[in-house]
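In structure tokens below, several structures.
Both complexes shown next keep chain A, but they swap its partner, so chain B is in the first and chain C is in the second.
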Partner chain A sequence: MKTAQAGTLESMDCLVTLTEAAPGSGIKINITGASAARFNSAMTKKINETLAELSVKDMEVAVQDNGALDIVLGARVEAAYGRLMK
Partner chain B sequence: MTINAVKREIPDYIEGYGKVRHYEGAFARKPEGAIAGAKLRCFNSDITDKRVSSVKEAIKASGLKSGMTVSFHHHLRNGDYVVNMVLDACAEMGIKDLTLFPTALFGVHKKVIDHIKSGVVTRIMGSVNGPIGQLVSEGGMEVPVVLRSHGGRPRAVMAGDVHIDVAFIGAPTADKYGNICGTLGKSACGSLGYAFTDADYADKVVVITDNLVDFPAAPVSIPQTKADIVVEVPSIGDPAGIVSGTTKVTRDPLRLLISRYASQLIEASPYFKDGISFQTGAGGIPLAVTAFMKEAMIRKGIKGGFGLGGITGYFVELLREGLVSKLMDVQSFDLDAVKSIGENPNHIEISADWYANPWNCGAAVNMLDVVILGATEVDTDFNANVNTEADGALLHGTGGHQDTAAGAKLTIIAQPLLRGRIPCVTDSVYNVTTPGEVIDAIVTEYGVTINPRRKDLLDAVSGVKDLPIVPIDELAARARKMSGPTDPVKTTDRIIGVVEWRDGTVIDVVRQLKK
Partner chain C sequence: MRRTMLYLPGNNPNMLTKGHLFGSDGIILDLEDAVAMVEKDAARILVSRYLKQGEFGNVEVTVRINGIDTEFWKKDLEAVVPMKRLDGIRAPKVDSAETVKILDEEISRLEDKYGVPQGKLKLFCLLETAKGILNAYEIATASPRIAAIIPGGEDLRADLRTERSMDGTELEWARRFVVFAGRAAGVDPLDTVFSRVTDDEGLRKETEFIKQLGFAGKSIIHPNQVRIIHDVFNPTEAEIAKAQKILAAAKEAAERGQGAVTVDGKMVDMPVVKRAEYVLVRAGLA
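Moving on, here comes the complex of A and B:
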């Protein structure tokens, strides 16, 4: 399986790892780190929205969070996807 | 259930704590009756040496039995060997079901977890940090932890809420008859302020030292009249963990901006005049505020009165330069502070009772003009939480937060609006440690937010150049917009922590986290 990463573990950033998934397997999200306890819903929503805009239907998403705001999280997902598609 | 004065729904009875006396307001509860005390003792001239050969012998001589309450002081901080040494010995001697009553616990005490699991320790009254806090938050103890402030603790002892059976006092220097000194020896820690109450009110006092000197040890912090037993051990602590190196002023531009705003607020307040007294603690922002204030004091030719609380080298410098005339020290954080309290008569050792107890004839905090504090979060009622983290885990003690906020004329919470993604200003804090009634201002990178109760302060800061004023609702809305919606903390109904206000009423409770 192909994987790609974007981001860092600096404060207010996150490290996003995308792994290709088999067609029909859907989007699987795993969030760990600073905001996982209180922002799981918001982060899941942002990741789903970002992947939908990129027309991605099947993907494994792992986020190691260190306090990233949504705008950062979205950008990291997009960048990781760009790298995966290269 | 009762809704208390900070709008928290609290049960009238808490399993493992007892009947709840509800919080009614910062200054509502008045004491009744007499001070509770220790047992009388008698030592005649047939005993001129109180030494025993080992910690176990000391425990045996103290009469410590299962079910009793043992106390410790935290001046050896993260270098402390005493708590572990005593609990290990208790475990080996088969003593169980102890109530641990420390002035604070640190990471170095994570071994306490083993003693909780094996039943040696079944109750903690005091702060729980790091792994112990996590264990407690997840339901690892049968009875709730009771959190008290630095002033609430001596109050509880003097009021008879807590009775100390045996106090173990780590002594950097002592003699065979139990005179204790904190400023000398390889484990010197400076002030022994938090240990005074324990020495005064425990039925038995065990002095544990690694620097036994000829009688009488001097200078004396706690005199021989309080000590029952003396034991010499190879080491009471790791000097690297006892005193920190010189604490540095923050270099983070965001925190410097916050510090500058806080300093501007102080400068514009009616308290910025000759004789100003303040407490700023050891954090990065408070130290930077002190640095900015120092500049302003020199610029305006103002001399301060006293500096209070945990003392750092930075405060020692202010004393040396004549910018404050006295330091009142309950805990000496670094080497400079330890050295200064040993040498300079204007650097005064004070007890926790003297520092912060609401139930005596006046604590030092009452004389305080300005205090700079932090908090994990504050809300639109200006209530502050310092005990729990964003995920609901009980990880921090109350320290002097409640006491200084209640005492100082100007109480400032200075912190960034967000920590990572976590908002530090919310609509309602998860746990109330200190009520908004005693908090006057919040300072963030967006400016100064004044409690509407303090119209005088709002007038004083309005029109100050380059000092933005942000109403609290606007600040909370901004934090919410940046962080996005939060998921609620998932808890069970079981109460694992009881947060007392400094007068012994229950201001809030903390519930067990759902795994």
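Moving on, here comes the complex of A and C:
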């Protein structure tokens, strides 16, 4: 399966890894790092929203977080998706 | 006022989030030199989302795009022009009116496409070659969008086949010329960066020098540089009091139908009044 990454592990950033998933398998999200426990549901929501905007239905998403704001998380998912599609 | 315009690396969420809080008059979200080639795509998306969100307080917000000799510049503009919180574009390596025309046309096309008011976005032109400096006036008058012209630092030194000196001798003529061209064209001459970020005394000295030449402000690369530059550019209490006295005397003279008047034994005519008005502008009182 093809994978692509975007982001960094710097402060207020996150490293997003997208891996192509088989049709019908849905979105699978795994968040680790600084804010994972506290903000898991908000981050999951943002990832789902961003993928929906990109019309993505099936994808494995791994996020290593170092305090990324919503706006950064969305940008990193979009950038990783752009790289995956190249 | 454009006393300080702070460069923020376009792929750095930390700086993009906090950069407007350091008190500079403007910020420059940088997609060019501060971003590695392999990160241009990610930085463009990040900067675009920050501009869309628009939480930058009252600072003037600009984006430095990549040069028109790269594959990136049109994508950069497409990503940022539609966003609500953008005041202008800082364009690198502008060396002729033709470069301005190319940029102007593309920005106009995108303003039309995205329903942005025509001419809303200003252009800040970096003159980073000997040719660019020599064409400074032609560039500054090439479009009503031009808000400022800025001499290059390292790129200009490279083009001149010279190196950085402690006192900046190699840039002295270019700086003087950019001030003349900018003032003649009615746009702001803004100075290049001071790269020795821990040398406060050197920064103060250079700022005093460029203020004396006539520059309206300086580009900066570190938040610690804001206070020193504002300190140099801000008028002192005595200068403000004197300016207010001059303007009051001039107003009174005008009401009495007199031309020139005398304040503290010195003649006050139009150039003196204009300088006094500019002092109050710099003090934020006009």
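Assume the second predicted complex is superposed on the first by the 86 of 86 C-alpha atoms of A that agree within 3 Å, B and C clash if a C-alpha of one lies under 4 Å from a C-alpha of the other, contacts with A are read in each partner's own complex, and residues count from 1 in each chain.
We adopt the following convention: contacts are C-beta pairs under 8 Å (C-beta built on N, C-alpha and C of every residue); 3 or more make two chains touch, one makes a residue touch a chain.
Nothing here was measured: the structure is a model prediction, and the numbers come from that model.
Once the complexes are laid over each other on chain A, chain B and chain C both fit without any clash.
Of the two partner chains, chain C is the only one touched by A:82; chain B is not.
Touch criterion met: A:12 reaches chain B and chain C at once.
Rounded to the nearest 10, the superposed model shows the Cα centres of chain B and chain C diverging by 80 degrees about the centre of chain A. Of the two partner chains, chain B is the only one that A:37 touches; chain C does not reach it.
Look at A:68: by the touch rule set out above, it reaches both chain B and chain C.
Put simply, the nearest alpha carbons of chain B and chain C end up 6 Å apart when the two models share chain A. Chain A residues 11-12, 68-69 lie at the interface with chain B in one structure and with chain C in the other. By the touch criterion stated above, chain C contacts chain A in their complex at residues 11-14, 17, 41-42, 45-46, 48-50, 53. Remark: chain B residues 390-392, 418-422, 482-487, 489 touch chain A in the complex.
Interface residues of chain A, counted against chain C in their complex, comprise 6-8, 10-13, 68-69, 71-72, 74-76, 78-79, 82-83. Of all residues in chain A, only 11-12, 34-35, 37-42, 65-70 touch chain B in the complex they form.
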